[in-house]
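There are two complexes below, and they share chain A, which is joined by chain B in the first and by chain C in the second.
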Partner chain A sequence: MSSYAAFSLYVARESGLHRLHPLTKLALTGFCLFASLVLPGAWATYAAFGVILLPLAAWGQVLPLLLRAAWRTVLPFALSLFLIQGFFWTGGTPVLALGPLSLKREGVLFAIQSTGRILLIVSSFLLLSLSTRPDALMIALSQRGVPTGIAYIILATIQIVPRFQAKAATILDAQRSRGLETEGHLRQRFRALLPLIKPLVLGSIVDIEERAIALEARAFSRRGPKTSLLVLVDSPAQAAVRWLLLLAALALLAARLFRAI
Partner chain B sequence: MIHIENLTYTYPRAPRPALDHISLDIPQGQFCAVIGANGAGKTTLCYALTGFIPNFYRGKLEGRVQVAGRDVLTTPLSELAGEIGLVFDNPFNQITGARFSVREEVAFGLENLGVPREEMLARVEEVLARTGLAELAERSPFTLSGGQQQRLAIASVLVMRPQVLVLDEPTSQLDPVGTKEVFSVLRDLAATRETTIVLTEHKLEWVAVFADRVIALAEGRIVADGPPHQVLAAPDLERYGIGQTRYTQAARHAQARGLAAPDKPLPVTLEQAVAFFTSLMSVAEGDVMR
Partner chain C sequence: MTRMTQADRIRSDFTTLTWVMIPVAIAINIAVGQLIYALKVPLYLDSIGTVLVGVLAGPWAGALTGLLANLIWGLSGLNVTYAPFAAVAAVIGLLAGLFGEAGWLRTWWKVILAGIITGLVAATISAPISAYVFGGVTGAGTDALVAIFRGIGLGILPASFAQGVSSDPLDKTITYLVVWLIVRALPGRFLDRFPRAENVR
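Right, the complex of A and B next:
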């Protein structure tokens, strides 16, 4: 089982995308984030998704994973946006009547536009996470001067959910063995969760304190140049691509500001 | 190597000092065990030796602590980390979470110290071999057993080549197999005499075998200090909540039944116990044959 499986989305593949420097992929994610906010109209974000992200995901051999994760994440938003914006848009042109409610064209377009934005943002982060080792990203950031504390927080945040889940399971087991009733109708199951909160939070605080001590014992807070066992391969071509992405983002912004698009 | 002068420390908002006028000198290369009931101050002493008191825990501190030539109270933790290593009881919480293989986890400390990559690779392999983790080098730290994780914590600290290694109850959360693994690493380390070891332990049978010196703490004060056969067999430490090894207890039972002379030195290890009881048997046989 992969070392990363429980703690991040990363899946190892022998692909060119995986071999790219983490900052190149981070730059792409940043560009997509920016583009999702700046691109006008309802459909441009879908085009960006199709033209940029899908081919890259295929190159990285993570296309099915990306589609599945994106579908699962975006669908709830899409549905609620469609329903709320579609039916409760004030004014607007009714397109369909459903009893007292009517579906408005402007609402539907707004829902499509917002969903497109969410799709582009979420998918670009997914592509980054699927193809980049979290520790590699952390090392790349600290090599560029990002304080290691911040990089570590990002890394640790990814790991919080599985750790919390494991801890909660242990606490629930301990409470069950002392007679806590956790099965039955919904209200009883909900009540069973309340005694879980305090030990979970307090226990996690103790864990965090000990982990902070462990990090200090590894000289984590030392200032000064750090080295790396992992070798990150960068190239002038990739550096050029990162600059191009920055320029493209600026060009997009300029075009939008000057109403060219 | 370790020089503590009149150390008194009180945790924030605590009614009593956790350490009370402790003075202690530990020479280079010594394996010093610290025993005592819970709350006696063992963990506090470990934190004081490694700088977490007062740099992490604040509180009120008086006295001097010098370790490996550094004044621990005024040196930043990041500077102490390479010289004085700390391993504590929870194996899982010592996994940094910053790296995803055993090899990289061990190298993490050296990365922070800025050690060149070639040297890092060599040192990591050496330490993995010494702690018996070489075959696990590619595994995720989170999939290891408790004993393996604790050996990983020791390896991650040892690779930084500290002059002093402080271990706070490293086997308290381990099963007997894990305990044996950890002590076998410590035995090999102690044999090199390169590192000064301070070990806090409740498992007195292990302390008796490996320690050069045993210090007993009670309510923040040192109540005994000497070689294992002396401190672990001392009759008057029970009132401080400090137990004795099984061998000593068995020998005292024999004394209480009049089977052994009251002034006969009590055993603290298995070998000593065998010798002790064998000599009792010879005396008994001699009686029978008379």
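Right, the complex of A and C next:
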């Protein structure tokens, strides 16, 4: 599965990170998500990012990709946070005055803390998606009891989104060539909404029936176990790591609650 | 005919056609998002597919569509910041199913009302997520609104809520109107294959 044909960032690499069981990587993402929400102070999330995620990304040979994607996602949030929470913080200690506005110390600290949280969440998701085939993740989840219908939805979506995006681009070109104004005044652009959305949605709903017949012909609604061509490798060590991540998350929560009391 | 229990009703909503419709609906959400981006109109319209499933296949199918749409968007690595809002998307799908059941998708003014209510509910649930996870900003053009609300002295959570209330109801009303127009354009023979076709007849 190449990364551009599917709606996924996955890149194939021969790395130990890629060979890990998908659930181990999912557990790590869950841990980072949890940690980003409970870690105290402004800098702890940056430390977690540097100590956990960067070495793993380097091990998985996806470090430049991870940094580039994380930068693109986090930067707009970071800019908004520093500008809005830094300058429009209610009260607070001014540290720098720019005309009528002043940068507040509390606002800047809040922006640093929020940016760190977003960075940790975004990068942990990126690490999972860069190093894990979506179909392998789905098989791992269905082996643990997630309904196969859910796995079907996720995999089918990943496959059809690029086709729909291409269809949307075709409709845009076709309507423009027929003289639809898609630029200019806001009212003109609003008027272009329906002629673009309607053919896309109607066209795709009409294929639903054919897709349903194709699935039924392949025993989609049959109950019982199904065989997969993709074999996943797990190990007792990885199971232990998953338990450790869960315990570490609980320990973080306990530490946070204890401190609060 | 014997009376259907709630569990039977849910099971009868999840036909193969419903399972197939959900990925198509999620792809619609994403592809329409791309068109909106090309048009540069200040809307999201990223729940058209979710509302459509809710109306045609019931509240639980709608909720599942919303939930998975945001999780897939997030886990694909292409729009990671959507994942924390999965619960909001699920509620949008659930509400669409309930409005459909109540027959609100048959009259234009009820369609508009459904959109406004959905927008208010969505703004209410997303504000705490936005405030706690993202520091109250969206990283997009709507942050100009957040700056104004912070500037007049609102706290982080109220500013985030005020931003939602000033943009979500319009967005969801247009979403509902588009869904209403689409459902009316579908042939009756085709609509009848969906589990909740009676919602729109």
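The rule is short, and it goes like this: the second predicted complex is superposed on the first by the 219 of 261 C-alpha atoms of A that agree within 3 Å, B and C clash if a C-alpha of one lies under 4 Å from a C-alpha of the other, contacts with A are read in each partner's own complex, and residues count from 1 in each chain.
One rule holds in what follows: a contact is a pair of C-beta atoms (placed from the backbone, for glycine too) under 8 Å apart; a residue touches a chain by one contact, two chains touch by 3 or more.
This is a predicted model, so every value here is computed, not measured.
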Inset, instruction - Report the partner of chain A that touches more of its residues: chain B or chain C. - result: C
Inset, instruction - Check whether A:211 is in contact with chain B, with chain C, with both or with neither, and answer first, second, both or neither. - result: both
Inset, instruction - Considering only the touch criterion stated at the top, classify A:152 as touching first (chain B), second (chain C), both, or neither. - result: both
Inset, instruction - Return first, second, both or neither, reflecting whether A:250 touches chain B, chain C, both chains, or no partner chain. - result: neither
Inset, instruction - Return first, second, both or neither, reflecting whether A:111 touches chain B, chain C, both chains, or no partner chain. - result: second
Inset, instruction - State whether A:133 touches chain B only (first), chain C only (second), both chains, or neither. - result: first
Inset, instruction - For A:164, select first, second, both or neither according to whether it touches chain B, chain C, the two together, or no partner. - result: second
Inset, instruction - Answer with first, second, both or neither: which of chain B and chain C does A:96 touch in the superposed model? - result: neither
Legend entry - First (chain B), second (chain C), both or neither touched by A:223: first
Legend entry - Touching both chain C and chain B, counted on chain A across the two superposed complexes: 7, 134, 152, 156, 207, 211-212, 215-216, 220-221
Legend entry - Residue numbers on chain C that touch chain A, as the complex places them: 14, 16-17, 19-24, 26-28, 30-32, 34-36, 38-41, 45, 48-49, 52, 64, 68-69, 72, 74-78, 80-81, 83-84, 132-140, 143, 146-147, 150-151, 153, 155-156, 174, 178, 181-182, 185-186, 190, 193
Legend entry - Partner chain A, residues of chain B touching it in the complex: 50, 52, 56, 76-79, 81-82, 85-88, 90, 93-101, 103-104, 107-117, 120-121, 124, 138-140, 142-143, 153, 156-157, 160
Inset, instruction - Would you tell me which residues of chain A are touching chain C in their complex? - result: 7-9, 37, 69, 73, 76-77, 79-81, 83-85, 88-90, 110-111, 113-115, 117-118, 121-122, 125-126, 128-130, 134, 137, 149-150, 152-154, 156-158, 160-161, 163-165, 167-169, 171-172, 182, 186, 189-190, 192-194, 196-198, 200-202, 204-209, 211-212, 215-216, 220-221
Legend entry - Touching residues (chain side chain A, partner chain B) in the complex: 1-4, 6-7, 133-135, 138, 152, 155-156, 159, 207, 210-231
